[in-house]
Amino acid sequence: MTEVVATNETILVVGGGISGMTAALEAAETGKQVVLVEKRPYLGGRVSQLYKYFPKLCFPTCGLEINQRRSKMNPNLTILTMAEVVDLKGEKGNYTASVKLSPRYVNDNCTACGDCEKAVEAQFDDEYNYGLGKRKGAYLPYRMAHPQRYVLDPRIIGTPDADKAKAACKYNAIDLEMSEEVVNFPCGAMIWATGWKPYDAAKIQPYGYDRIANVITSVEFERMADPSGPTGGKIVRPSDGKEAKSVAFIQCAGSRDRNHLLHCSRICCMASLKQCTYVSDAYGADADISVYYIDIRAIDRIEDFYEKVKAIQQVKFIKSKPASIVADKDGNPVVHGVDTEGYKRFANAHDLVVLAIGMEPSVDKDSFPVDIVLNREGFIEAAPENGGVFAAGSASDALDVNRAVQHATGAALRAIQVVNSVARAEA
Amino acid sequence: MADEKKFAGYICTGCGIGERLDAKQLQSVMTREGKIANCKQHEMLCSAEGVKLIRDDIDAGNATHIVIAACSRRAKVEAFSFTDVAMSRANLREGVIWLRPEGDEHQETTQEMADDYIRMACAEVKFLKVPKPSGEQALNKTLLVVGGGVTGMTSALEAAKAGYPVHLAAEEGRLGGVWADLYKRVPFRAAALGVPNGRDVDLPQPEDPGIDAMIAEIEASPLITVHLNAKITRTSGAPGRFAADISTESGGTVTENFGAIVQATDFKPYDANQLPEFAYGKTPDVVTNFELEKLAKAANGGPLKRPSDGKEVKSVAFIQCAGQRSTKPGHLPYCSGFCCTESIKQAMYFKAQNPGCDTTVLFDDLRTPGAAGEDFYRSGQQAMVTFTKGKASEVVSAGGSLKVKFKDLILNEDTEMEADLVVLATGQVPHVGPDPYAQLAVDMAETEEEKAAARKKLEVAPPSILNLDYRQGTDLPQLKHGFVDSHFICFPYETRRTGIYAAGPVRRPMDMKQAIEDAVGATMKAIQAAENAARGSGAHPRVGDLSYPSFRKEGCTQCKRCTVECPFGAINEDEQRYPQFNESRCRRCGTCMGACPVRVISFENYSIDTVGQQIKAVDMPDEFSEKPRILALACENDAYPALDMAAMAGERLSPFARVVPVRCLGSVSLSWITDALNSGYDGIVLMGCRRDDDYQCHFVRGSAMAAERLSKVGDTLQQLNLEVERVQVFEVAITDIKRAAQLINDMAATVEKIGMSPFKF
Amino acid sequence: MAKRQYSFYPGCSSQKGASSSNYLISVQTMCEELDIQLNEIPDWNCCSASIGYAGGGELPRLTLSARNIALSEQHNPGQDIVATCAACWLSTREAQERLHEDQSLLAEANSALAEAGLKLKGDTPIKHMAEVLIEDIGYEAIGAKVKKPLEGIKIAGYVGCQTNRPFGISGESFENPKYLDKLVETLGGDSIPGYEKKVQCCGGALAFSEPEKSQEMVKGIIEAAYDHGADMIVTPCPVCQMNVEVYQDQINATYGTKFKMPVVYYSTLMAVAYGRSAKDAALNAQIIPAKQLEALAAK
Amino acid sequence: MSTNQAMVEKYRNNFLKEVEANVEEGEWVKMCMQCGVCSGSCPLGKFWDHPPQEIFMMIRAGKRDEVLTSSSMWMCTSCYNCIVRCPRELPITHIMHGLAHYAKRLGLVPQNQPTAKFAQLFWDNLMKKGRVNELKLGMALYFMNGFGEGVKVAMKNQKLGMNMMKTGRMNPMEILGGHAVKDLGGFHKVMKKAQELEDARIAKHGA
């Protein structure tokens, strides 16, 4: 039975992505007791699945390493993975949270030696790679996963694979008897940092994501470009593994669209510009890159980066929301539409089309533990009605990492204001 | 047992260490050579039982300095968390067996590798001390907020809400700053939930700016002291003990002490006189977006009048990106981010009091991001604001009205429109002090052009805002376009002056909502800095590190390398021109230690010796052994993890490599290099982080400083008659999993080519 | 089991001696087999399709449909209106939605209807026959009646525009509706799921005013069917059927093609699969005979 | 003064307002976000002088005559591709019909615009008997450009006609009477009233 030590001066942070980690660490490093709850088996969230950041083209794992070290070192921080908040009772300054812990089937004896993975046979789609690759039924989600502990896929429990894994472990780290449990503990304030999920590309029917192998999403492309990713960093066509030198990026794929997401997801323009550099780095003069856009939203200092990418000869910008994509006989996705600057109709065949997929907030208003003020787009609005619950990062709006971190740092202060007033009241 | 050192060593045989290596041999190395008699083995040291084994020794007073020979220092950190003793970890798992192939032919060299890591850990631990806080300062909860705009007011209010007193210093005679003239603000919220499938009804409208309410709140707060017409004429000290002279126009100066500082000086409106093509200054009917707010506020809901003749405005054109996103001299190269929604809002002013007024927004890319942004765009369209994708080229006044010439990018034609009033959507210029390194830039400039450019920048440098009495200049360092430097992705608030945080448009252009949110975050960091200073704990990224730099005064030659190289300007010079370390300004990167030619600077848990002795401890086979030794000094945040992951990925590393993690390449002392060469190392590989404008060094300049220092290492090599290839410096990222190992293997190949070092004794 | 009752709006082209009179015949046969009773809206009028806009303004056009719905409410109360013609369905359903959204328009339409003593409530569900089949009857029930599976007959499902957009069949996408393919499979035939022209426009009413432009598009529709080895094309829309079938001679003349692609209704297929005669399936009304269906019907 | 001139007077330089007030669904034009998906989606797109998005931009730019005298709107096949793809859910098909109708009302349609003529024939045809008489419509269509032209077209379509008759899908007898609504009087009254109300609303806006 898991024990969580907490009081009504404890801050509960929900979501262990960049926003949740930031909020939790900033509060903990100010001397506050923090419990961080993450649904996945590891921290880092979506940024752990990015290859590079715009505009610096540096590596998310670099900052993640610092944050992970900060969390390993900090005595004020309790981390619960594979955990979800199922209920929150009480009011600002005096809540009781109920957190559901799913079984990992691996205890903290695990040394991440990898013997169980070798022993297990069953394979599943690798969610870390958005299903582009496979992973074993016993797995370390990715090399830098923190906590550095293996996970057993629940689907192998009760199969011979589970016993093989157990037999292979020299450290008695595999516990097949683990079962779901719910822990209740007090907290004074809650920071909701559940981030975002990529919009379901199959719903954007004209672009044929569900019909055309060589139409993929920007998040999938990010995994593809990562040298530690499913293709070892090679930019290729899913249909035939052929090098993808002619790549089209389609902006506002699901965003700014009343048929899909009402809001502008803010990051997609920059993400595509960044991904242009992946293709250009990979194929140089042989690259042929097209960006189909409505407005390029390279806001503030990031304009520099837009200029930098515009300077790449192999990159074309076409002001158009393409009408449709159809596959030709060779499986090339052909993008149809009109260049609205002068009305030139086009039907351009590419090796690969990348949909700059929109950000859908991961805030489910029906299952949300307390009453909360949401906007029409589904993001949490700051409001006194929310009591001691504060959104951080992309739960509050479509934000890039820089803005998510700023916002999360602020959220930490909002929570501290609550627990400090509790402390003052009790002093 | 006060200062009596009791050494203990623990060798883990789990994870294959026991199978792949001769544990007896390891133990004898530790006891005989490492001189650690109290040495134990365990088949799973990280287990509760193994940890207890160690804990018991410590609690029994039998261990004050311990060596753990097991996995990487990055693994099992929580299990091996013995904060009350000095600890060194020998990396036998990721560092040796996972990087080495199995098989008898490899056994000897692999074992030697492991033996050396034991020797190195034993050597290191002897020179480690458990850091104790200096108690240099007590808790000072009071914050200084510089800037009376929305950003500064927010910072003050939020700090007060958390129970922290604030002094708010405003340049102007009233609060509100650049935002004071706003008639209305762009709505903060997106459309409310419950409007059926996103129909374009009930969309957000321009709303009260809320400035007066803020001012009232500030005046009502017992924790906030406001200084109007105030300048900061001197700032000294460090987090927890800042002292600032606040001088007001009346001539009076008060000196107050602060725990931390927030600079929220916002922006200055762009000077539109640099836009003659748009007839600014030629006719009063061309105004900037900032000036329009004044007109709107004066009209106060009534019809907006033309400045020239007071005629009611019936048609207005907004020119977006005026003097922005342009490389023309005098223009701003960046996008100010706020102007698109600002113009929509202002167009709606006209529509609100006269729906018949023609309002046209000439834009290139309309930038209304997020939920609230896109909703407000539709809100403007609902109000029948016309959006025309076009580039304005010229404004000419023609008989009582204005002609705006532009290229319609959609209809692809050069055309023009008439308007009673033209509004230029001009940008934000960060309101910051002079770049402290402007002078340095002149000195460092290589070409004459660069020098000239740097000089120009120096001439037009604005007056100081903080007047820091720091050795490295009066204000916060800048990165680009005058915006304050920080890792603006992962750690946006980490400026290069510990305890002083920039908030709002001084960091990057932003609208009011963002400035408010940004202020909350900066305030969080300021509060944290004050609290950590009181604990004697380091600031980001080494929060909790209680060590701090100390130096042997008698050895110091006052060369000033440390005071010049510190990336955070933490070190001053005292009246006798000795360095003055200001512990709580220090980020514990060790760059000063690396800079010091006479090796007098050290930390209790990181010093010339803790690394130097490891280098010496390595067993050095003779010239004819065909067993070269390659030293790799790797940044602990990027290169070292990359090597760990190379091990997990099954990469292979030369058995002749000996890898030592360093806090930052900036902390690398040339003495380590020369000692290593003198003691017979055949090659040295230094791996640090990217150091250009897009630097990844988490100590900002550490890696760059190191590179500069090491550029001179060639001379050392020549003096020793050694080939220059024997020492190489690389930028290595945490993702360079293959490459990190490859670079070391390449050095092994180089050594094979050029031969062993003659300096083996 | 009691018969399902629907208020039926056949539309002009289904009338005796009109261009899709064969559609009506096969639909009636199909309905007999499926126990569907169609109660024709007495004295219905033309909906003006989507081409009446030159002469007809907004209100007059809406009033045309309003009259039909009002008649249905009066004479077939409580019955869903079902149309077989895509244009009829679309105009009627659109009119009802417009009038529902705009109360002032509704009031005006009603004061017009009052001239003939009619009143529109406007709450009657308006369905296309395809909706009735897929949503009300279901593939299983449809398949249960099959006596002569369409074995070995390869059929391209051509959905066209107005049966598909903007309303379409629930659960189907605008770009790749699958129901005709499922229907063909249900009847034992071979479908062509990858038929890329299934929602290509045939030109609609512009087949008359802009024949060349329309026929260029029809050419593509037929070509793609041949490319996939189709024996025939099936469609739920009389305009599509007409445009794709009857101009093949002219297209051959213009482009030197040798098209002879039969184009039938889903109801034609069902009538045959249900073992009914060529006459009941109105196969005799094919300008390009559907030989395999004739053979099967003759068995 | 023609209604056209009257409208020019009334709305001066603001064609967008004129469209908003007088064109069916015209109030949507201002909501276009200029993405161009409609123009790319139109099956006859390549035949439009000005595709839908451009028409919207021209309306905003006040290019009144160019828009209303254009034959673009008459190219709409009512396929609804643009409607279902428009990210702002503009009822583009209906706006095109509305513009076409408005142009027709103002008498600005280009000479011999075939769809304009056919659409008018269709309307007149259905208004006579309440139901379309395909035969008469077909004949009228053939001869809409005069007798000589008509004979040519008729000859070209002769085979088609024969086929239709053979298969019972065209009935020569329709030339006499043909299908009709029974309550023709009532039908005409209803439509007359509808037209009156329509005219009244138009008058409110000045045309």
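As written, the chain order gives the labels A, B, C and D, with residue 1 at the start of each chain.
Following the convention adopted for this analysis, contacts are C-beta pairs under 8 Å (C-beta built on N, C-alpha and C of every residue); 3 or more make two chains touch, one makes a residue touch a chain.
In this text, all values refer to a predicted model and were calculated from it rather than measured experimentally.
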| request: Give the chains in contact with both chain B and chain D, ordered by label. | output: A
| note | Overlap of the chain A and chain C neighbour lists contains D
| request: Please list the single chain whose C-alpha centre lies closest to the global protein C-alpha centre. | output: A
| Selected interface, A-B versus A-D, where C-beta contact pairs are more numerous | A-B
| Hey, how far is the Cα centre of chain A from the one of chain D, in Å? | 50
| said: Measuring centre to centre with CA averages, how many angstrom lie between chain C and chain D? | reply: 23
| field | Computed distance of Cα centres, chain C from chain B, in Å | value | 66
| task | Scan chain A for residues touching two or more other chains and write them down. | result | 206, 256, 258, 319, 324, 340, 343
| Per-residue overlap in chain D, given as positions that touch at least 2 other chains | 33-34, 53-54, 81, 84, 88
| task | For chain B, jot down the residues that touch at least 2 other chains. | result | 410
| Which pairs of chains touch, using the document's own definition | A-B, A-C, A-D, B-D, C-D
| Taking the complex as given, what residues does chain A use to touch chain B? | 18, 26, 29-31, 51, 53, 55-63, 65-67, 69-70, 72-74, 108-109, 111-113, 143-144, 148, 170-171, 226-228, 256, 258, 262-264, 266, 295-304, 307, 319, 340-343, 365, 374-377, 379, 381, 397-399, 401-403, 405-410, 412-414, 416-417, 420-421, 424
| query | Mind pulling up the chain D residues that touch chain C in the complex? | reply | 24, 43-44, 47, 75, 77-81, 83-84, 93, 97-98, 100-101, 104-105, 114-120, 122-124, 126-127, 130-132, 134, 141, 156, 159-160, 163-164, 166-171, 173-174, 179, 181-183, 186-187, 189-195, 197-198, 201-202
| remark: The residues of chain C that touch chain D in their complex are 12-13, 15-22, 43-46, 48-60, 63-64, 67, 108-109, 111-118, 161-162, 165-166, 174, 200-201, 203-206, 208-210, 213-214, 217, 246-247, 249-250, 284-287
| message | Can you tell me which positions in chain D touch chain B when the two form their complex? | response | 13-14, 16-17, 20, 30-31, 33-34, 53-54, 57-58, 60-61, 88
| note | The residues of chain A that touch chain C in their complex are 205-206, 208, 211, 324, 326
